[in-house]
Amino acid sequence: MKTIIKEVLLDTRQNRELIDITERVIEATRDSGVTKGICLIWSTHTTASVLVTENERGLLHDVISKIGEDFPQRGTWLHNIIDDNAHAHLAVAYLGPSVSVPIAGGALTLGAYQSIFFVELDGPRRARRVVLEVIGI
Amino acid sequence: MKTIIKEVLLDTRQNRELIDITERVIEATRDSGVTKGICLIWSTHTTASVLVTENERGLLHDVISKIGEDFPQRGTWLHNIIDDNAHAHLAVAYLGPSVSVPIAGGALTLGAYQSIFFVELDGPRRARRVVLEVIGI
Amino acid sequence: MKTIIKEVLLDTRQNRELIDITERVIEATRDSGVTKGICLIWSTHTTASVLVTENERGLLHDVISKIGEDFPQRGTWLHNIIDDNAHAHLAVAYLGPSVSVPIAGGALTLGAYQSIFFVELDGPRRARRVVLEVIGI
């Protein structure tokens, strides 16, 4: 069994932002030499997530708009007594911290329109940390 | 370590539809010979998802209704300039592309009421592709 | 390759409740002897989930409030003809049954603010069952 663990550090520029990390994940998978297995992409943050969607400019705006509508900044969240980002925590609790992609024939089994995105919801921030782990044979 | 990768192709009949794929996943797990490991079920689409719920006819209607309420078709999504299915992309960005189930004693550790569903959100379509991967010992 | 499977049984006290299970997951990971791999945390229920967020008292109230707002008890759900808990099923269909965490250097790669929670949405209940599976080398 082979395993490889890599860290990706990302500086984000906006409060809410999608960053395409597909190439980084493809590279980690290739470097692992794993032909059959799983690639796990893990955000180490509670105000930043990972998701899969199509990399189409309009759609990326729509995703950010939708998250903004569904998880609005609001004075009534109790967490906002401590920090003004309850809405970001709530969105990430729903969206989840990770994505697991199958590897077959040495490549991720991504469909034609699937790209992997880091989701900043409380930026801008420096050195957001994503763990890429590949396991398999 | 053992691995098995299978593809399931599904023809969907409705615009929004849940298709129970539990038997296919059980079959792939059994065929793998894996007694302890993970089964990863991956939708290769950005307008179709995978989820786990109870296979009760009323509830399946409720799930489809709820997704329709939360992700309504809307003229204001930017992606709709290109294609009229932003609402389906948004639902799948939230619901995620996959489910990972533990395998113990040669079987999926599904609870009494847990079934695995393919979630069509932009159908009907032919040959929707789901990847089943089992890894373990 | 090493694997370990453990079950955690939880008695819940409230209708909606978050229970921090991070220590149990850390313990299972340590006991497994796995230094590089994946820990999969699986709820065997369709009305209880697993999620990752910060263990801050106000925020945990906010998460429960938000789920209550987004998945209200409602007479019109068809599943309620059978059982009065469609809202709990719907929330779990969205939130998902599991979390997969990378293991590196013998430890979970949790960020400074990440804790793992069992999410009761139809309690109180006795002996809610969570499967912890660690695989790796």
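Each chain carries a letter (A, B and C) given by its place in the written order, and its residues are counted from 1.
We adopt the following convention: a contact is a pair of C-beta atoms (placed from the backbone, for glycine too) under 8 Å apart; a residue touches a chain by one contact, two chains touch by 3 or more.
As the structure is a computational prediction, the values presented were derived from the model and not from experiment.
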{"item": "C-alpha-based rotation, subunit A on subunit C, 0 to 180 degrees, nearest 5", "value": "120"}
{"item": "Interface composition of copies subunit A and subunit B: same or different, split at half", "value": "different"}
{"item": "Distance between chain centroids, defined by C-alpha means - subunit A, subunit B (Å)", "value": "20"}
{"item": "For subunit B, residues contacting two or more additional chains", "value": "1, 38, 70, 94, 96, 100, 135"}
{"item": "Sites on subunit B touched by subunit C in the complex", "value": "1, 36-38, 51-54, 56-59, 61-63, 66, 70, 94-96, 99-104, 109-114, 135-137"}
{"item": "Footprint of subunit C on subunit A - complex, ascending", "value": "1, 3, 5, 38, 40, 42-46, 70-71, 77-82, 86, 89-90, 92-94, 96-98, 100, 129, 131, 133, 135"}
